[in-house]
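Note that subunit A is present in both complexes that follow, paired respectively with subunit B and with subunit C.
Up next, the complex of A and B:
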């Protein structure tokens, strides 16, 4: 738990204060200094129209991380509710909900996200919608799985007999038991959201230029692969480092919660 | 038997749900669908009467369900209609695209298996040894590297710096090496993690030392007791890998300008050519439902306990 809190704090600080560390305006154009190498006024050089790469990376952090937080938290809330409804609603409701979950799981989620974001028209709203619609199923599965095994426990039955409403039972009895597993799923989904946002950006269906975002920076850098390869190294490193850190924190958290399933 | 019915029923529900969701998405997409058809067909601004005519023809005027029926009926007989941009039938173009993507996906899967299976087997011989720890580290790193960056890095190294391989297009067999490698490395990274934990679990079974002490040869224990146990997670993963391969193909084909299924889909979306988008989505759903069905049935063969357990 501590590693995830630390990581959340660091990424949160980066998302909030990253832009204020930027030395330049991320959209300021400086044509005479286009494709400048790192050093001098521009610590990481400039892109094809002379914008400061470091400033764009730092501002991009708040876009990538902020949107990934938003997407993964909406998915967490929606998926948990859906899973709890399936677990507490009886066999028929369970069947219906789980078949819907299967339908969404049966489809490769990035392909679905590309179709949804592309058809709705490029933009931040479509991006968030597309990644949320394709990102709630794992939470639902976990919530439903634990919830089902939980429904026949003594204290839950007692709570029901005592006349507690289903909402209160879900709040006070199911949620505390679900929380650790859901946090583990959340770390995985946060990493996926960052990859998804930058993949959609790279395909041109995500955050729109001139907004700095890591995936769109890679897309812009691709054209200058031969002349200025460094341009595509920076955003790639930023994505890999962030995703790797989140995954490692998630692994550590899972190991600390269930030592018998230790993976490494 | 009831289990088989349940599995088939699920497949039908998933397909119907996907078709409905896709149609609902396109129905609510910004822009007038009749206008889009008119522009594609006549390449000009048409009077409102013609738009009404098109609406009546495509069943658009009678509401969502009527339009859905008009759309789904030909698809059920295997007719994907015509492109709303070029007017050409969708299927021949789609077939050509699939013919380019399937070999790429298979090559990627082959590279992934060739890299990950021997490494996982050797690494788990000594859990916690240097080989084991470095494969885990490389696999974790591999899981964090997105295909679009890996592809660019490979182009930079092999096409730009060394000049060994072509980067863009699909003219020769050599054009497939870099895209397949990009896909294959990603597959290897994800396969490695799951193979490793599956093998560790299979090797940790309590009766294995007993067999060894009774003098059963190491190779026979591996073949008869470890391999079948480790096969179950591998079958699951192959299903997941298929999703990974298809997603990867979308990205990799765009990077390497390879006119396969991924480029087909991305171009169709950019051109708002909805019949093409629908055809890709329906085919993808069909592919995944079929594969999941096969996986489900394979489970029942590998692990007789599965039938009684609720998925």
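Up next, the complex of A and C:
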């Protein structure tokens, strides 16, 4: 648990401070040293137009993790609100909202994100929008599920009879109970968002050149797969390590917040 | 004025005599970044004729050899009998794939729908290039073409893959043509399959079958080639070319007429200013781009629009890299440098670049251009999209420069490229997406069409190229080689500078 959280913390710090650790400008080209092997001035080598791979990886951490954080937090807020509306709005509202949620869930999220990003055009804004639109449903399901079981509890009924507004009831009674489960879901969705950003970047729908982002680094490197495989291995390793660490952190968090599951 | 362009003697030399049929063997699978648009793409429509011509299904009246010189193909000879009159004598004994004979009337029947609005073969671009007033049959073997005005490019236009001789289609022969291969099936955007025509008039082909598979990702094509799924990759990734040859693959790298260039938005934005266009052109280090994006095998830096492979047509305009002069021009254009950034009308001068990824050299070229512009203090964005959408972005003003690869002479004649991309509305070909307008250029292009003396014509197209360079009407980056890769056992394949020819009777594949 401790080591996983430490690893996650290191990744978080890299996302924040990574750019200041970069030895070079990640967009500076050095044609005479293009495709240089690791070592010397360029610790992880250079890419096809002579840019420092390490610098791009460190700057890319900000983009990949930062965008994933943004996407997952927007999804968390939107999904929780929608779930609460379903839970607190009565049977008809619940039916409408949850059928809409099911409709969104019916589409494979990455495929839907590719379609949305394709229609909107490549770019960071399109990428965030596409992943947010396809990433709120799990929060809504969890919030609604827990919220429904909450509605009939005494203190909630009492609050309603006391004339508290629905917003106040949600704020003071529902959210504290939802938080632990939502945080666990959020860690999983954060990892999925990193994969989604990288996948869309690899497909050309993501962050545009010359901004370094792990998925677009993979995209740029694919024509060098056989001649300079390290160009793909570095960003690939970064994605794998980050997603693994966040997933493990999520598991550890779940275990600590729900000890009954651990004992089971 | 009345000049004779009799090419019968040349035909006798260049055209092979019909060979007795030999057994065809082998199936050749080709990877290419484009595929068929439907299940039986009409070669006369849009640019669909490229694939059928490349695959040896269709043939044109005239052809282009590997020196981009004209030769009679389905024609036996062509003769100009008046300023606007051309007599084409057909080769004797040629049959369509269904066995019916090729006659003068079948040529007329094949070409007439090109001008018929509503017909699937209707093609505005070809209507303009041909500029036909009428066609008549003089017996079974002579077609008399009458053009609306004198057109020196007319014999060259007869090499255009869309100006093709087709017979009546049927379910067995949806594309009923005359080539060494018979069209068998197409799966939209996936594959195009042909089989040998053992009765081909020029001799039966060596191959039994050939298939083109659409693979838009150069990296995927390279992997498929190494996995043995593909026998020939057209436009192999230049950056992996040396490595793949070291594995025993055969390389085919040769210059073509393809120009990698920036088409510009002339309607709105900073590039409406000629000085800024020239500054952008001067800021690009083309030598470095050729070295980095093409690994030195993919092309040569371009100053003029026509490459040296177009013998006699390429103007002597060297590419210039001069960042200091670029900055001077920006200042002359009214831009002001503040904190290292050029400002225009109080805003940072920003150039929006778009390109596409199906040719491996394009994205790094765009990124390098971006870096060179930023090096002189011009902001630039790069967006990787799709060719058609990029053209729309140029037209509707949401992009300033579209980096693209374009064949400058698919018919071998210099008139096509500037007329298509830069001529005014009078030419009506429809490729001037950036809205460039220059009456001087239009006048020169009209003169080029009507001038039959080759020396005078060369002078006109030299002036055309100089004007385009002076105006920076478009920004040439490099002349592209075609770098293709075939597996050991493939023989007879050669890169054609027009890129419209791949398969003929000679191409074979052995185990």
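Here, the second predicted complex is superposed on the first by the 250 of 264 C-alpha atoms of A that agree within 3 Å, B and C clash if a C-alpha of one lies under 4 Å from a C-alpha of the other, contacts with A are read in each partner's own complex, and residues count from 1 in each chain.
Following the convention adopted for this analysis, a contact is a pair of C-beta atoms (placed from the backbone, for glycine too) under 8 Å apart; a residue touches a chain by one contact, two chains touch by 3 or more.
Source: prediction; values computed, not measured.
Of the two partner chains placed around the shared chain by superposition, subunit B and subunit C are both touched by A:204. Within the superposed three-chain model, A:5 lies out of touch with both subunit B and subunit C [touch as defined at top]. When the shared chain is aligned, no partner comes close enough to touch A:179: not subunit B, not subunit C.
In the superposition on chain A, contact is made by A:29 with subunit C only, not with subunit B. Look at A:229: by the touch rule set out above, it reaches subunit B but stays clear of subunit C. In the overlay built on the shared chain, the residue A:157 is in contact with neither subunit B nor subunit C.
A simple residue count on subunit A separates subunit B from subunit C, and the partner touching more is B. In the superposition on chain A, contact of A:220 is made with subunit C only, not with subunit B.
Of the two partner chains placed around the shared chain by superposition, subunit C is the only one that A:48 touches, whereas subunit B remains out of contact.
By the document's definition of touching, of the two partners only subunit B reaches A:120; subunit C does not. Overlap of the subunit B and subunit C interfaces on subunit A comprises residues 121, 204, 222, 225-226.
Against subunit A, in their complex, subunit C makes its touches with residues 217-219, 222-223, 226, 237, 239-240, 243-244, 288, 291-293, 357, 360, 363-364, 366-368, 370-371, 374, 381-385, 389.
By the touch criterion given at the top, residues 27-29, 31, 34, 48-50, 121-123, 204, 208-210, 220, 222-227 of subunit A touch subunit C in their complex. Here subunit B touches subunit A in the complex through residues 10, 13-14, 17-18, 21-22, 25-26, 29-30, 133, 136, 140-141, 143-146, 148-149, 152-153, 155-156, 160, 193, 197, 243-244, 246-247, 250-251, 254-255, 265-266, 269-270, 272, 274, 277, 280-281, 284-285, 288-289, 292, going by the rule given at the top. Contact residues of subunit A toward subunit B in the complex are 99-100, 102-103, 106-111, 114-116, 118-121, 191, 195, 198-199, 202-205, 215, 218, 221-222, 225-226, 229, 232, 236, 239-240, 243-244, 247-248, 251, 263-264.
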